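One chain, subunit A, appears in both complexes that follow, with subunit B as partner in the first and subunit C in the second.
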Partner chain A sequence: MRSAAPGMDFDIIVIGGGVNGLVCATLLAQAKRRVVVLEARDRIGGMCVSGDISVGHRVSTIAHLVGPFDPAVLKALRLQKHGLQFTAKKIDSVALSPDGRHIVLGDDLRHTAQSLSAHSPADAKAWPPFETKLRRAAQHLHRWLHEPPGGAFEHSARGGFFSGRNSARSASGFDADFAAALDRSIAELLDHEFATPLLKGAVAFDAIIGSALPPRAMGTAFLAVLRRAMEVQNTDGHAHPQGGAGALIAALARAAEAAGVQTKINARVNHFLFDKGHIAGVEITSGEAVYAPTIVSSLDPVTTLLALGAERELPLGLKRKLKGFRHQGCLAKVNLALGAMPTFKGLDKRHLKDRLIICPSLGHLERSFASYEQGGFSSDVAMEITIPSTHDTTLTSSGHHVLSATVFYLPSILATGSWDTGKADLVGMIGATLRQYAPDLPDLVLAADVYTPADIDVIAGGTGGHWHGGDLSLDQLGPLRPAAGLSRYATPVAGLFLCGAGTHPCGGVTGINARLGAEAVLAHVGARP
Partner chain B sequence: MAIDRLDAIIIGANVEGLFAAVELARAGRQIAVLERHPIEAAAGEGRDAVVSVAAVRELNLSQHGLRLASAPAVVGVTSDQALILWPDTQAAQASIATVSPHDADAFENFRARIGRAVRSKSSAGMHSLTAWLLSANTLDEPPPEHILFRAAPLARWLNEFFDSEVLKGMLAQGALMGTAVSPHAPGSAVLLARQTGFAGDDTSRFVAGGDLELRRALLATLKFYNNADIHFGADVSEIVAEREAVYSVRLTGGAVFAGSAVISTLGRERTGDLLAGGRQAAGNVLPLQGAVKPAQVKFTVVSAPKLPGVDAATVASGAIVRLNPDIERLTRAHGAFRAHQVPQEPCLEFRVIPRQIADGIQRWEVFVSELFIPAETSEGSWSGNRRERLVAHCMNAVEALAPGFSASVEAAVLSHPKETQTVMDAKRRGQGGSNLQPESATVPLAAPSIADSILKGLIAIDTSMFEPAGEGGLLAAHSIGLNKRAKGQADA
Partner chain C sequence: MTDLTTRAQTPTPLHARTAELCATNSWAAQHGFTVPNVYSSEREELEALASRVVLSDLSARQCWTFDGPDAGIYLSFATITDVTTLEPGQTTRTLWCDDQGNARGDGTIVRFGKDQFELTTSVRDFAWMLDGTLGFEVKVGNATGTRAVIGVKGRLASSLLSVAGFTGAPSNKGEVVQPTWRPAQIALMRDATGEGYELWTQADDGVVVWDRLWRSGAGLGVSPMGAAALEMQRIENASPIAGIDWWPAQLSPDLRDCRSPLDLGFTPDRLRCFNGADRVARAVRSMRLVQVCADEAMILGGLTARGAPAGTVTSQTWSESRSRAFALAWIKEDAAKPGTQLMTSGSRGPVRAEIIRDAFSKLPGLV
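Here is the complex of A and B:
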């Protein structure tokens, strides 16, 4: 074997060709580094891919809403120039009611109040001040979200590609009582203010979706603010790229190429190569070695640090802390090809392009979680539905539609039987649930694809398959993400950095982790003149 | 007015009621304790009692014969492993070393860190986790211990320290007993400190002789005050309110005690039933979210259960024996509980107490506590047949690890597994399931203000939900604001 000596192939290896990997690689290449992206699968994209459910029915296979994307990244990568187009931006949400009294959860507080008044005039009145308070709190979080936890990096002299900001360590303006209320559960926060079960179910669902936490788990109230923090001050909010999530990746790939990034597919990393305790490169499945003195991993932190040979370079305490990082996926994806547009009871046509939420109450979420804890699922799963073909005509031929739904909570491993047989039950149950809201929907299904948490795990590269790269729990956020002492993207392994969803701030298709990861790398190695 | 008005009336001469009574008597209040049982010796099951060392000191209980004891050994048994956590750390480590030398080393550090976390919590104050996450400066300092302790699930803490599933399961089960908390719930790590001795010896201790001795010492202490009366055989039939405030308590015999405050230890529901006019809300209920009494079965057996790998003397010494302790098993059982079902795989523990029932006749009482048994199941209420099945369920679980147990059973008594009613006022009440903030399972939330109460002056508490024992009674006494200073003295 060739020794890991100077004369390296690359300056930086980025592991993983998903959104964070590509964004990070591009930013580093723009800083004049020779960068290679190693992707394990036969295509780049990770969780952001488009695929055909059946011929002529294209859909975002896993992640189906983009953003809110980091505006700084959008700008630095010139994604629009590289072909990224959004067919829908600032998508509103609608909490579906089986009787057609839907609640609109949008930007406009009056719409929500209006739709709520059919349920409870008192709640309609209480909503605007409540939501305003959360949004105001979210504004304080905006900066926290876009900077590394514990203050901005010291950039090296010619350093970062973004002007250094002042440290945002102070939570000032964040009322102490309110901060204490956010330590509590989203269920308590909502029970305190509202009576309408549908409202409480949908708002709690939005806060928690993707994390294996019940609505009465401590700290879930904070997640409601975190979600809003992602949305405020952003240009596009939740958006749909024309052509689905894969189109975002295509634009990112073009941006990466333009910046000089090389990409290798079918290049799963077997293990790291070291030179005197310092990272020197990786060996990939083909047996080939790729050399670089710096590696940035967009894989989850546990796999990166414990499964690829870096373990012996870590202090024991940190190793054990990392083992406890919870990043087991609990969400499935269902994609349906439809022969015609289904009729949702009482739903205004203009809302068909919004996010439709099925989560009628807090009790619904609690029951679903109880089944999840037992390793199963019940008819109480909650769903987020989009019908992207309503605004993106490139996905399917006229008249037909595609429906994309995330289904929550589902276990990775079924306690009874396997997902091979469990899938059919899941599809049947989802059909029955959808029928309550759109009676004709099950009859319009031409083809269906189901991705269980275990399937998503495979697509995400066998690293947990968590929607956010790890539960958004108070012990796994900010300075504690993924573990105390590891939150600043650098690791105790010399030359190894993190930039995936398992780092601050959280998951979602935002590019923030990648930018902060890239900044950390440059702060350590310095940008090239 | 024909009768003298008391400052407070306490219903129930159980441990919580007596703690409230002593605390109020100490403050010079005129009080009466009403106990349904005709004689002093009635209540108490010979169970363990853990008390706060500070409360024992404050209330002077040692002067009235209360003695503190060290914790019993905790035994974890599976079909192929037995692990004994002796109160003595070194002895515990020796036992742990038989399953994992690493864990034996880590055990001391684990106890020390819990102690540190508990102490740093009290010294650093209870500042918001969210505020900490947003403002922490991570550049140079590790996060304070109490932050991790309050934010993390106990499973994460245990995984960080230990490899042995049995050890982790034992510690998790001890932490979760009597709660409705999942081992993966964020914040549940604080519950690890419930295991006496883990939080440092200065916080809480076992009482020598258990709840019987504790009650005896409290009664002795109360008799010392002449401003406190205790009435046995006093069966309360009605709590009378006037102008939205509690006014008096009526007994079945017709006697009336008038008072400006009532502390009922009968729990929310039964207290509500006693309210004249069939009122639903029983005034202030001390908030204790999601606490669930374990189902308890007392078996009387002719020979003590024999466990593989544990010598008979240890079992008979009153050790707490946890069967098949495992974090994931606890998680599944918790899921079943949340779905209002009896867990298929029981999570239970037992203690064996020898009893001399007559000259030369020796029996053993085996107290089995099963975790995560729902108050109401999807099959309906706990009627005869279902209760029998639960007893059988417990018996079979013990039999599986201690063959011959079932054959030795002479009698079995089930305590109704009844979930304590939650909390808060109706507006705050969630839908379905009990809500739990792990923290409030050990430390009841701040006492509710009287102004918010539906009926002024009335407090209902549920006994045996408080740890350390007496915490509920003390909180009740404090929350009616009577412990401060006697009325007559206030103006002097």
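Here is the complex of A and C:
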């Protein structure tokens, strides 16, 4: 029989102290369970941490935008009461053009059409109906995102998203022809409707960012809807917490503590402990055992199930499928400390708080993907930039600023050379790219931090370092995420559950995975009265 | 003699000898290898089997080795059989399933030592077995093509073995011995039908062993037997084969063609944990593979019982010696009693057939 050290016996162990881990732990603790969170690193937060590039230049180290955060989680955890404040909400996107004719991609369709008319009056006219169709499809998908896959909604004959494809036109005016086009590629969909390269590049970038998929991959059109579906009924949209992403974690930590969650840092899980095929606890790096009959892992599903000793308990076919789960990270994060505010050509000051997208065309993405596949990167990398210091004064002082850039299609391992030298090349190349849009920007850089996909891997505590916990492709979504038979958060290992980004619906700082994971756990173990 | 080496797409280790003997130059593709189909004539080969002794090249099969402390535990999880109860030298027929409890393949497991097993099968599914080992301390090797297997069958089979110097032949079905015999190391197995023996050796030693048997058997009238005659024997022995009589789940064109172990006549221990066990426990036997016989040759196709569709013929043959046609057929469980009269098709019109027995009732050896 096991002998538990005092205080090492819990109802539930949550592995990983990132957003999903903390949200899940808090929801379970609120259901009167004794919960402990085990975090491998010396601080909680996972991908959501704030750090200093240099003294006086604070920035969100990896993830730099929050949300669209699950309103149900916000409410249940009362995060505002625990100190969460946003300095910017409903952040729009702006597709940057080197000649200053930027395109604003936001909620307001007329605004976009107006900025688009400088490129092509035909596209300006075509945009509102196109975006409306995407949003209508997103309305149908919204419920699906907030439920475990394989639920009643997927099978409902009327109103369900997938039913739209069967009837010529469903009762709610859902465009079935359009829905049928969503398993095509985003590039095809855009080529069919628009001529402006900048628009097509930015919309495609938004759809596929984070996944190692080229814009002409089948099913990427669906991702454009998925992205919009996350924003349906969400008043905050993409937001920036005051103090950076770490502030969200601080609020989550306070909510978790208030609910009675215990947190252990420097507690990397070596392997699971079993008792007659049922999970019994974990052994952590210090050699200590922590016992609980239920474990919820917010790590990626491949690490959870294939690297911690559960692999002997898994069916052979599932093991094979998991091995094939594509979760290689392809994003890098570059944070720059700037001595002053750079001047972006032709960009209205009010858009400085927005997401600035650098992706001039579909061809740009394709070339970047081609380099990525060869294990390198070219000058064609695409970027998403925020300058949070424009609205969050806690990050810098005395007119200094921080720029946070997510750089797309970078390999974990360089085919030639190593990231030790590659990092400098990357910063130089990004500087050269940014100079096209803000000529003074490279000269203002005081310090730079680069996190390659391999660095993000270490921070995420698993393998892959994937932004979304796994590529968002049709074969890895919904009932197939992370593998058929695993999509409802429970695993074939009795007592082991998943709640990380590799589960339905997708990654991002949303908290939905954690809520659905917690609901699945409670459905199995029952809430305490 | 014409050098036929270049004609064979994938020769077996015994090709140098079998090619010399294959007077008809008729070859068969068998499980990825090329083997003689007919050496002289099917009739002569079957006569030799009935009255004297025949050698056949059985090397065309998949052979996977499992070594390591977890080999037994892994195989007991990957297949429906608890192989940890086998003694070294024992063999067992087994089946392995996918996660849904559908059979992916069948074969024979031999335990050679505490941590050493070998699985021989006609199904190419090595990647499945290999991928499953994650988490187990077992090394899986694909020894396909590195083993020469010689079948010795017929009335004088045991006489031939003793003349050739292989003493201590196993007496029980499925038993394996490893006699000391110079110049090659061999394993000698009594095949699962009990009618003959299989000699297993490393590929390079195959020809040496074949020559020894061939020379020793000259006085006994030894002949070779080709794939065509073996196939007729197989059907007469009611020994089904994956890919012909039933679809391995990974190859089946339709979900309805997938078979549970119960359909194939295996009844796994319901309390044991193996891959797909929970689904197998819930499975209901709906079809049964049976042997049917008729006075006229049958063709592949449907079978009816009292005018209603009852099943399908999957392989058929005409037995010269017994002047009857034999076939293997899937029959609905409720119509699958021995003695049931069925109607099927022959080349000259309807044929009346009768169910004789379950196809797996005799635990057949590998063909």
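Everything that follows uses one rule, which is that the second predicted complex is superposed on the first by the 495 of 529 C-alpha atoms of A that agree within 3 Å, B and C clash if a C-alpha of one lies under 4 Å from a C-alpha of the other, contacts with A are read in each partner's own complex, and residues count from 1 in each chain.
Please note the rule applied: contacts are C-beta pairs under 8 Å (C-beta built on N, C-alpha and C of every residue); 3 or more make two chains touch, one makes a residue touch a chain.
From a predicted model like this one, the values you see are computed outputs, not experimental measurements.
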Simultaneous placement of subunit C and subunit B on subunit A, clash or fit: clash
Contacts of A:Ser371 with subunit B and subunit C, given as first, second, both or neither: first
First, second, both or neither for A:Leu318, with subunit B first and subunit C second: second
Touched partner set for A:Leu306, first subunit B, second subunit C, both or neither: second
A:Gly150 touches, of subunit B and subunit C: first, second, both or neither? first
Subunit C versus subunit B, contacts on subunit A by residue: B
Subunit B versus subunit C as contact partner of A:Leu474, first or second or both or neither: first
First (subunit B), second (subunit C), both or neither touched by A:Gly485: both
Partner chain in contact with A:Gly277 - subunit B first, subunit C second, else both or neither: second
Which of subunit B and subunit C A:Val521 touches, first, second, both or neither: neither
Residue range of subunit B overlapping subunit C upon superposition on chain A, of 96-104, 330-338 or 366-374: 96-104
Interface residues of subunit A shared between complexes with subunit B and subunit C: 320, 323, 485
For the subunit B and subunit A complex, residues of the former touching the latter: 128-131, 133-139, 142-143, 148, 151-153, 155-157, 159-161, 182, 184-187, 331-332, 334-339, 427-433, 435-439
Of all residues in subunit C, those that touch subunit A in their complex: 77-78, 98-100, 128, 131-132, 134-136, 273, 275-276
Residues of subunit A that touch subunit B when the two form their complex: 140-141, 144, 149-151, 169-171, 174, 176, 179-180, 182-185, 187-188, 191-192, 197, 212-214, 216-219, 222, 320-321, 323-324, 326, 361-363, 366-367, 369-375, 378, 415, 473-475, 477-480, 484-485, 487-488
Touch list for subunit A against partner subunit C, complex: 277, 306, 309-312, 314-320, 323, 485
